[in-house]
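Below are structures written as structure tokens.
Two complexes, one shared chain (chain A), two partners (chain B, chain C).
Our next item is the complex of A and B:
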């Protein structure tokens, strides 16, 4: 196949991988952080517990973005098909 | 007149109570950092044994960035609700830089570095799973 076509397809795929892959975790992180702040405001004595849970959930959610990011970076900088 | 001393007492106790309530968070952060170091060390030895030193050093590089990532994540979670700073940007920029350097340099390999970076996730799983299983066991024992 024409290499310029493969390059173009890889760039589009990289954009889609990051863009689509970041939608879900982005919404999730925003919701989690908002709910955590609300919880802290309601129960300041449970701040540590809430922040600890938020830390774990953000770490898990952000890993999903990182997966998409890795695929995109590999497609852009170490493309196996080009 | 009597209200003023009470208020100052409450104000004086407020930082202490905040420190007490944040104890669990700091404990988790320290456990995660320490756990990441331990898991990274064991994996470094295993990769060295089963593959070679070059690959294990690549893994170690990723694990070091994993430590930095967890530290930055913990700092940002600590600031959620207290500062108006956006969360997430710098941490991902560090990871992007690491992967770009790994793809550009011939001495570096992407997969070991990426897996090294994912050490923090393995640590979280090692940390959470026993606790959740023990928690479920304790609950079922209480329920009879």
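Our next item is the complex of A and C:
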């Protein structure tokens, strides 16, 4: 009984870790992309530079969700409590 | 792990088994090592050595073909290091940054491009070495060592005095940063590459044909970006450690 409870809680927690972890970076990436589009519209000749910076910073933001994913994977596949 | 076992059991009948936490153990002395990581790492190292050997075997003053390509790669790596570390001191760090970038890049792409699943090994499966967290932690710790070495060799023990640079309040934050840097470096690379492989694996499980292709191409793109990010961050940590606060910072 105990282990099945832990399993259920782990699965829920894994879902929450990714789901909640995706909110912040989602907002951040949206803001960054919007600002980049604005920048390109203002100054089309700087497009290459803006795009390179945008991609790099998007990857940084994505990393935050990935941390949640790592926690989720640990809970699912290498659960220390089960 | 019961849960993992059921998931693996579900997949074992399929073409694309997603196996997490199963390893092909080798025992070396007292230690257990993950053999599949070593095999693919050796493959990646072999590829890199062969490529550099092929490019430099017959060096021409006016480069053509393959030599041209490799010179472009070298230029790119030097530019990467120069952007972060600065014109004056970047040269000795090009090999370190370049090795990090090339190894991570080639291993990420080998995981995505080569159908390792066709090669059977007794346990676990062959995949990119960066899917194993031990590999990425090793890279991250090497990076930590490198920037400590850079800072201490440049400024002596005065490097640690820089922790209190704008004000002494910063000391605990800077100290914590020394621990969070390798943690975030290793988790970022590991998580991204594993997430790619898992997403592709799940999609292949659902629809084996054509549909996973866009995701695979996205995976190639993210793998390349992750290699770039790891190398850029390593370079910027090293550059930051060597930067002196007394004089003005020139771009």
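Here is the rule we go by: the second predicted complex is superposed on the first by the 81 of 82 C-alpha atoms of A that agree within 3 Å, B and C clash if a C-alpha of one lies under 4 Å from a C-alpha of the other, contacts with A are read in each partner's own complex, and residues count from 1 in each chain.
Note that in this section a residue touches a chain if its C-beta (ideal position, glycine included) is under 8 Å from a C-beta of that chain, and two chains touch if they have at least 3 such contacts.
For clarity, every value in this text was computed on a predicted model and none was experimentally measured.
Within the superposed three-chain model, A:37 lies in touch with chain B and out of touch with chain C [touch as defined at top]. The wider contact with chain A, measured as residues touched, comes from B rather than the other of chain B and chain C.
Looking at the shared chain after the overlay, A:82 reaches chain C, while chain B stays out of its contact range.
In the overlay built on the shared chain, the residue A:17 is in contact with neither chain B nor chain C. In the superposed model, A:45 makes contact with chain B only, not with chain C.
By the touch criterion defined above, A:7 reaches chain C but does not reach chain B. Residue overlap on chain A between the chain B contacts of one complex and the chain C contacts of the other covers 55-56, 59-60, 62-63, 66, 69-70, 73, 77-78.
Every residue of chain A that touches chain C in the complex is listed here, in rising order: 3, 7, 10-11, 55-56, 59-60, 62-63, 66-67, 69-70, 73, 76-79, 82. The touching residues of chain B, counted against chain A in their complex, run 17-18, 20-29, 32, 70, 73-74, 77-78, 80-81, 87-88, 91-92, 95-96, 99-100, 103-104, 110, 114, 117-118, 120-121, 124, 128. Interface of chain A with chain B (complex): residues 29, 33, 36-37, 40-41, 44-49, 51-52, 54-56, 58-60, 62-63, 65-66, 69-70, 73-74, 77-78.
Chain C meets chain A in the complex at residues 1-4, 7, 20-21, 184, 187-188, 190-192, 194-195, 222, 225-226, 228-229, 232.
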